[in-house]
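What follows is chain A paired twice: with chain B in the first complex and chain C in the second.
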Partner chain A sequence: MSKNWPLWEIFVRSKNGLEHRHFGSLHAADAEMALENARDVYTRRNEGVSIWVVESVNITASNPEHNGEMFEPAQDKVYRHPTFYDLPDEVKHM
Partner chain B sequence: MSEEQIKNLEVQFEARIARDEKIEPKDWMPEKYRKTHIRQMSQHAHSEIVGMLPEGNWITRAPSLRRKVALLAKVQDEAGHGLYLYSACETLGVSRDELYEQLHSGKAKYSSIFNYPTITWADMGAVGWLVDGAAIINQVPLCNTSYGPYARAMVRVCKEESFHQRQGFEIMMKLANGAPEQKELAQDALNRWWWPSLMMLGPTDAESIHTEQSMKWKLKRKSNDDLRQQFIDQTVPQAELIGLTIPDPDLKWNEERQSYDFGEINWDEFWQVVKGHGPMNKERMKARVGAWEEGEWVRDAAMAYAEKKQARKQKQAI
Partner chain C sequence: MKENLYNYILGIADNSLILGQRLGELTGHGPSLETDIACTNISLDLFGQVRSYFQYAAKIAGDDRTEDDIAMLRKEREYKNVLLVEQPNTNFAYTMARQFLFDVYHLEFLAELQKSTDLTLSAIANKCIKEVSYHERFSSDWIKRLGDGTEESKAKMQDAIDGLWTYTDELFHQTEADKAMVAEGIGVDVTKLKDAYYARVSAVLEESTLETPESKWFQKGGKEGIHTEHLGYLLAELQYMQRAYPNMEW
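Now for the complex of A and B:
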């Protein structure tokens, strides 16, 4: 019994003008086969015009347990939003 | 972590679900949540994969090209649904190989309905109409379940499933409106599939051991008995419309409840089939395990070829 097929993450652009979005994953021997399988598994009904495949081991993900240090610092920086600044009502188009 | 810390995390976790927040793969979760989800999602995936067998049986014998392309597309969808669900299951840290191993060794269950034989073409109609019909009723609420990858997979599954039921009903309708022999075929298929389809919605609420926890985690939104009643109420008028008779002498409209009363379900039969004594349990597993074992050399060859190509590319790069 030899090695199992590795896992690939599949990203599909549903139409030009939109970004590639994560659709799911599948197993394939190599990138070429991952593309072919992704075509059959995720786009049987015209769901896409472009597919990216990335071997899952190549994705580095943030850890939700560190969400505090990671994302909370942005919470108290209200000055990054336009509503932080007071303007007189007479000012238009700003 | 101390017991108290875990308890604390569990309380926060339950509160997140109660607020309709979704749980994603790397989030902390109670071990029981992880285990229950692996069990239910893999069981669901196995059902899609084994579910291809009774229908695959009729692809080469479909009565017309129209029927053949539709059946082929339906079976291909089931393969796809199995794959969506396996990949969602793998996000919980179980490997595809372990999942297959559980199916092949009989440790994991799949829907018992697939342990009944498909002996005539009309069975393709009954399976699509009733079996997929009952499956849809079970599956629609799961589009909102708490585990993100499962919910996303189910949205895709449900979107694709409605053609399955329609193509089945169309087959039944055509047969029911055909020659007397054809109508007889349709009625016979309904007679054989009606009760097993009702059983598909699960044991009665009194006997269902997982219901309470599953409701909390939104793996379930309605009880088995409520889903069964919904299925009966929507299916009976469809049978009447095409002139077929539901094989239940006790079936009667209840004006007060605005619902159908129905006869006793043979739960002994249900448990027999669940325990592996249905008409096709052995046959299904033999076909599934056979396909896996006979495909081994293909999987190995593909892997060897991929490695060879990779090696060649690296050599050229030097």
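Now for the complex of A and C:
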């Protein structure tokens, strides 16, 4: 049955105020079924308050073969992290 | 002990117990990972409901009976579930048709049980109704998908509806305990649920491009302990551990 169904990516918001996070993927015939399946597969232990489903073919992913040009140039640029400022002690939660 | 109330609670809980066991048989055998988990979730919801009812029944019995004794150690004729819920998982169409035909009733029943003058029963109904609303949404969705699906899925779903139809009328029968509880304001008068039930079921069948069966010949007996041949096998599996190793604990 499910081998004929398209694949869907499931995003779940765990708590109000948090962002939706990718939880995994599953098969479903359409978006409505994907929501119901996601509810049963990913939120049955009280993990969620909201679900998004996106058909996997609609996601454009970066190509791992291009990782060199895509990501390696950022590796030696530590100055892009905001770690070179002296923070006053009064500033908390940074 | 309040005999009528005790029997009344068992009448409600046995439906969930037997249907829960039937769905549990699909664990690891569902048609797909997703539907497998969905059926198991519904099964667990039903077993959770059963515990609330049987804990209350054990309290009313007032002897050393526990919820587990009530669930596991009765004989076939002492189970009061309707015949519909003990019917086997012939195929996925049957499983969903059985679920749908029960869920529509279950939802209506719980909406009324919430108004019971018995505060424990009304509180249990209040908790269960959210779960059962989802069950009904899930099963009616599948009736529509398979009914209004391919030629093959439609034929299978129509076959399942036709095959199970004969067990629907029993949902609205009353036992002596039922009548006594209705008179006391504790029980639900199920005879009053019948019209709304068939209206809802027919509406979903129509939306699913399925025929509503016209047969007026109905099976009965489950509520009085007279069951189809399927229940014995189901109980043999359900009770095996307690029968083979009495008093064994998990």
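The rule is simple: the second predicted complex is superposed on the first by the 75 of 94 C-alpha atoms of A that agree within 3 Å, B and C clash if a C-alpha of one lies under 4 Å from a C-alpha of the other, contacts with A are read in each partner's own complex, and residues count from 1 in each chain.
We take it that a contact is a pair of C-beta atoms (placed from the backbone, for glycine too) under 8 Å apart; a residue touches a chain by one contact, two chains touch by 3 or more.
On a predicted model such as this, the values are computed, not experimentally measured, just so you know.
J.: Taking the superposition on A as described, I'd like to know which of chain B and chain C A:29 touches: first, second, both or neither.
T.: Touch partners of A:29: chain B and chain C.
J.: Please work out whether A:4 is in contact with chain B alone, chain C alone, both, or neither, and reply first, second, both or neither.
T.: first
J.: Could you look at A:74 and tell me whether it touches chain B, chain C, both or neither (first, second, both, neither)?
T.: neither
J.: In the superposed arrangement, does A:87 touch chain B (first), chain C (second), both or neither?
T.: Once the two structures are laid over each other on A, A:87 reaches no partner at all.
J.: May I ask you to decide whether A:45 touches chain B, chain C, both, or neither, giving the answer as first, second, both or neither?
T.: Touch partner of A:45: chain B, not chain C.
J.: Spot which of chain B and chain C makes contact with more residues of chain A, would you?
T.: Greater contact footprint in residues on chain A: B.
J.: Where does A:63 make contact in the superposed view: on chain B (first), on chain C (second), on both, or on neither?
T.: Only chain B is touched by A:63; chain C is not.
J.: Overlap of the chain B and chain C footprints on chain A, residue-wise?
T.: Residues common to the chain A contacts of chain C and of chain B are 1-2, 5, 26-27, 29, 33, 40-41, 44, listed in rising order.
J.: Applying the document's contact rule, which stretches of chain C touch chain A when the two form their complex?
T.: 31-35, 37-38, 41, 137-138, 141, 145
J.: Write out the stretch or stretches of chain A touching chain C in their complex.
T.: Residues in contact with chain C: 1-2, 5, 26-29, 32-33, 36-37, 40-41, 44.
J.: List the residues on chain A that touch chain B in their complex, please.
T.: Counting only chain A, the residues touching chain B are 1-5, 7, 24-27, 29-30, 33, 40-42, 44-45, 61, 63-65.
J.: Which residues of chain B touch chain A in the complex?
T.: 24, 26-28, 73, 76-77, 80, 83-84, 87-88, 90, 95-97, 152-153, 160, 296, 299-300, 302-306, 309-310
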